[in-house]
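These are the structures in question, set out in turn.
The same subunit A turns up in both complexes below, where it pairs with subunit B and then with subunit C.
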Partner chain A sequence: MAKPNSTNLGGMIWAYAVLAVFAFISVYPITRIITVSLRPGDRLLSTSLDFIPDGATLDNYRVLLFETPFLRWLFNSLLVSVVVTITGVALASTAGYALSRYKFRGRNSMLGGLLITQMFPATMLLLPLYVVLINLRLLDSYLGLVVIYSATALPFCVWQMKGYYDTIPPALEEAARIDGCTPWQAFYRVIFPLAAPALVITALFSFMTAWNEYVVANVVLQDTAMFTLPLGLKMFQNDMSTQWGLYAAGALLVSIPVVGLFLILSRYLISGLTLGAVKG
Partner chain B sequence: MLEGKTTTAGLKVQQRTAAQSKTREARQRTLFLWGLLGPTVLIVLAVVAYPFVYNVVLSLSNMNIYHIRDWEVIGLQQYASVLTEPAVWVVFFKTVVWTLVNIVFHVGLGVWLAVILNKAFIVGKPAWRVLLILPWALPQYITALTWRGMFNYEYGAINLIGGVFGMDSIAWLTSPFEAFVAVILTNIWLGFPFMMVVALGGLQSIPGELYEAADVDGASEWTKFWKITAPLLRPVMIPAITLGIVWTFNNINVVWLVSNGGEPNDQTHILVSYVYEAAFSMYRFGWAAALSMVIFGILFLFTQVFLKKTNATEAAY
Partner chain C sequence: MARVRLDTVRKVYPNGFEAVHGASFEVQDGEFVVFVGPSGCGKSTLLRMIAGLEEITSGTLHIGDRVVNDLAPKDRDVAMVFQNYALYPHLTVYDNMAFGLKIRKFPKAEIDERVREAARILGVEQVLDRKPKLLSGGQRQRVAVGRAIVRKPEVFLFDEPLSNLDAKLRVQMRTEISRLHSQLGATMIYVTHDQVEAMTMGDRIVVLKDGEVQQIDTPLHLYDHPANQFVAGFIGSPAMNFLSGRIDGSGDALSFVADETALSVPLGASDASLLRAHAGQAITLGIRPEDLYVAGPTAPNGSATSRWTLDVVEPMGNEIVLYVSSGPHTAVARVAPQPIPEPGTDTDIDLALDTSKLHFFDQETEAALTETPTADLA
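Up next is the complex of A and B:
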């Protein structure tokens, strides 16, 4: 790894060259998705590297929207993700507040316990819950999915909210209490609105946990009509006959909203993460 | 006398009501605290603590496809069977390689790009940042499935681009070593932006005077990086690296989806995908639960030791 020297022209060219190469590497796979999604049905298996393919068409999008269960999967994914988001925000905003403002017995072990769950392998909770779901005959239902996703997203969200509350001076609640607010009012009317940036991140994180999840859904859902988007898109990539055009069109439609949100909010995501990590 | 009596009595009453209101306040505080924490504690107990305990029980049981309802606790047999299965050790070795290679590249590329991006003369920083962050923003499963397509022997972009430069096509997904390289390449691609963003945040807090002083002393870029940037980035990078290691060690998505469940021939696995297959393709529930515990144990021990070590050396700065 050679170091560019910022003072001379060579160093500047070198720095821009490195950035350009990595920017290209970052963007290229995404351009491939766009290209493949625009290919006409008879030219999906093509060895061309052109960005806009010969005979570009939106046909894949039409087929995807009207001849596959894509819209149904979209609805399923939205349903699951929204429920997980609401649960995540409601629980993390209150629990994070308690952990930030009050010293009580078990507080530190609670915070530590939440961190430990990050070390669980995917199967650690999935396998027991799977056995429970079989016994309760709850496989192929969204309840199981929502419960597992919430449990996955919650520890990070609680830490992130706690970290943010730590940066809000307690004098604000004290003032509100003197003005006659109950503790709940002081929290709900004064602190909660101030924590809006952290709430947005918590919501985004919970939403993306559910929106982007494949491994758990693959175990819990078996009926095609119940599928969430990741399962549906994976189905297009069958061993025997990969429907590349449909896959690419779907991948693009699914990614655009979350990538957009992510790019806008990523700055806060990382600040929340470091706050949570640095402050004990 | 009389007056004094009433005052002391009045004082006592006052004290009592003060004490009463104090206990009432304490009770209110407890109630409020539990109102805030209760729902989360309940959910965590139900869907984290209970399954965890259940997983411990399963790991001591003989549950599998033949004994799904009539299972019984059989002791530590499953753990013995996990530790004596040679394939587990091979997969463990691969997991360590996978984690190390990924983290080295994530941190190396991430810090390198952050340092370049942080240079004063770079124009259009927000635009570069957005382009470089895209791999992190794309949903992981889409990254994995898309790269699987790009690794296709005949039609995949990687071999096609290689062909332009006169390289022979590589059977990425059908030979064990190449498939392992393919999953690692995919994961390096999606992982470096996270470290880059963390490092960018850390670089902001390094005072510029340090570099000016170093310039006066005639220090090279290389010396400045290792004497100023690296030590001052450490406190920010250590938590991120710890998280990164845990996440990478446990990242089933990329391995599972790029290799389509361990292809070729179950050669492309890390521990977490191996245990996923044991549980949900082969229904070796007890065995899989035991292996889950082993994975968790490894990560738990690792983070304890790693954090202690890095903290201890941090005091030196």
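Up next is the complex of A and C:
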């Protein structure tokens, strides 16, 4: 308190030291992957630690993009993930709102039920889901994946949205309704924009659920042309030898959309938007 | 502009709690009516039923010539200012005020004209493009009022709009809202728990307690002729003094004798004729602090003198507030500046009670016994 500078300086050094360690821990593996992806095909198992390997080449990327179905898988993954994201945002934002604002029969059991679904690991649900998909004739289809991914992501998203709506004062909708809004208008013109941080989390969570998923996709999809990226990448690991160069290049490209999405959406993650709505 | 009429309007919340028991009264076109009462007495519930934010359990509500029981808030043509302002945080001040007009599809030019006019009246022109979180409490309050006036509604509803402001700003906004009322000539219903706001702003006051309307009257009539002990004690500050006792004597020579003390107050002729029937019953006498005087030449004619112990003296400059006691009774007196003895357990002071300003209440029902019932203005 009395000498903020000295304490702050010590604290800063500590903070930066800790951050540097963690930054190194997270960045180092990525640099290794970059290195591997740049190695020419005959030197994959080299033990050199150079960042730019001897005879660095973009050949792995060329093969990946033009000689494998990588772009096709990318399209599949994007399609499934985007549809899951839209479904997740649309359903979680409205369901969470109803659960936050309206008292109706079955409300508490619904909230409890959503939580209970989170207690079972996805692998345990694999067999029942498989049976359901067979009966619905949704095996080997994007829709089958979308249904399962949405069902996996929704409980968390609904709870999360409900929790956020709970922090928005109901007086805002009341003001909107007196100003001339129908209940639906009050929701989408006032509450929906205010829930942006929660919507971003819902969107990211839904997207990631679909984008990274392997186990369910492996069961649902059989046709190579319909594979999502995680399944596709796994194919490089087939047979006797793993094509590490392709695998590394693919892994890097797969992470680009996610990083991009985080960067774009992170600015909406600032909370405290409702501050100043009420109270003086 | 419009009248608002309530006929035995009741509110029972889903948990079975009856927050408003059959309220019936009428707010005249262009009138400023204040709902006042302690916290939890049902003021907000009543106001929110008029706004359409709470369902009316039974009874009818008219706004203008329409029964609006089943109309949505947006169709009632009312505007409301909330206690916490409820400004839309994601919109600028301008868009907050324009919101209701945009929803109602007013032409852009008219929206602009109305918003700027309201901003001018309320002195928030400088902050039109700011978000609410950058405003001071007073500015938020003005924007909330502005959002109501741009719509030019039939009826304005205010729910404790000033209670989040500091004392000085509260006094200032109070006069501004009063001025707005005379400028717009609109029907306004204003909820507060602060009796000073009620007294200074209202054309008429509706006093509520436990969901029950206690009295509806003009501020001054309410002050001089409270219908029961609750209203008498709630309106006025410092509050009215109450002394429990009984009526004693016979014929015209009746007097009020306080319990457990020598305190005795002879009754005037009109009080005596009204109270004769209650002789011997337990009765509460009420007298306002300003109707007590230090005994002597400045006391009004026809006052009754009694001896009290002087506990505390608060000189206020323009007046002196005395806290006195006598046996189990305590009282507060507001007297003109004058030399007053040092207070203490053995300091006695003679106070004169203006016997033309006495109030009497039945101890069982708390109803006033000597007030002429208020003419029903509804």
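Note that in this section the second predicted complex is superposed on the first by the 229 of 280 C-alpha atoms of A that agree within 3 Å, B and C clash if a C-alpha of one lies under 4 Å from a C-alpha of the other, contacts with A are read in each partner's own complex, and residues count from 1 in each chain.
Assume contacts are C-beta pairs under 8 Å (C-beta built on N, C-alpha and C of every residue); 3 or more make two chains touch, one makes a residue touch a chain.
Being a predicted model, the structure only gives us computed values, none of them experimental.
> Tell me the contact category for A:V83 with respect to subunit B and subunit C: first, second, both or neither.
neither
> Is A:D179 touching anything from subunit B or subunit C once the two structures are fitted on A? First, second, both or neither.
second
> Of subunit B and subunit C, which one touches more of subunit A's residues?
B
> Output check: A:P29 vs subunit B and subunit C. Expected answer is one of first, second, both, neither. What do you get?
After superposing on A, A:P29 lies in contact with subunit B but is clear of subunit C.
> Now for A:I116: first (subunit B), second (subunit C), both, or neither, which partner does it touch?
A:I116: touches subunit B, not subunit C.
> Would you check which partner chain A:K234 touches, where first means subunit B only, second means subunit C only, and both and neither mean what they say?
In the superposed model, A:K234 contacts subunit B only, not subunit C.
> By the touch definition at the top of the document, which applies to A:V131: first (subunit B), second (subunit C), both, or neither?
first
> Hey, what residues of subunit A end up touching subunit B and subunit C alike?
The answer is residues 273-274, 277-278 of subunit A.
> Under the touch definition given earlier, write down the residues of subunit C that touch subunit A in their complex.
That would be residues 14, 51-53, 72-74, 78-80, 82, 84-90, 99-100, 103-104, 131-138, 140-141, 147, 151, 164-165 of subunit C.
> Show which residues of subunit A lie in contact with subunit C when the two form their complex.
Touching subunit C from subunit A are residues 103, 169, 171-172, 174-182, 185, 189-190, 193-194, 273-280.
> Give every residue of subunit A touching subunit B within the complex, in rising order.
Where subunit A meets subunit B, its residues are 1, 3-6, 11-12, 15-16, 18-19, 22-23, 25-30, 32-33, 36, 45-47, 49, 87, 90-92, 94-95, 97-99, 102, 104, 110, 113-114, 116-132, 134, 147-148, 150-151, 154, 158, 183-184, 187, 208, 211-212, 214-215, 218-219, 230, 233-234, 237, 239, 242, 244, 247, 251, 254-255, 258-259, 262-263, 266, 270-271, 273-274, 277-278.
> List the residues on subunit B that touch subunit A in their complex, please.
Interface residues on subunit B, with respect to subunit A: 28-29, 32-33, 35-37, 39-41, 43-44, 46-48, 50-52, 54-55, 58, 63, 68, 108-109, 112-113, 116-117, 119-122, 128, 130-143, 145-150, 154-155, 157, 160-161, 164, 189, 193, 197-198, 201, 220-222, 225, 235-236, 239-240, 243, 246, 250, 252-253, 256-257, 260, 271-272, 275-276, 279-280, 285, 288-289, 291-293, 295-296, 299-300, 303.
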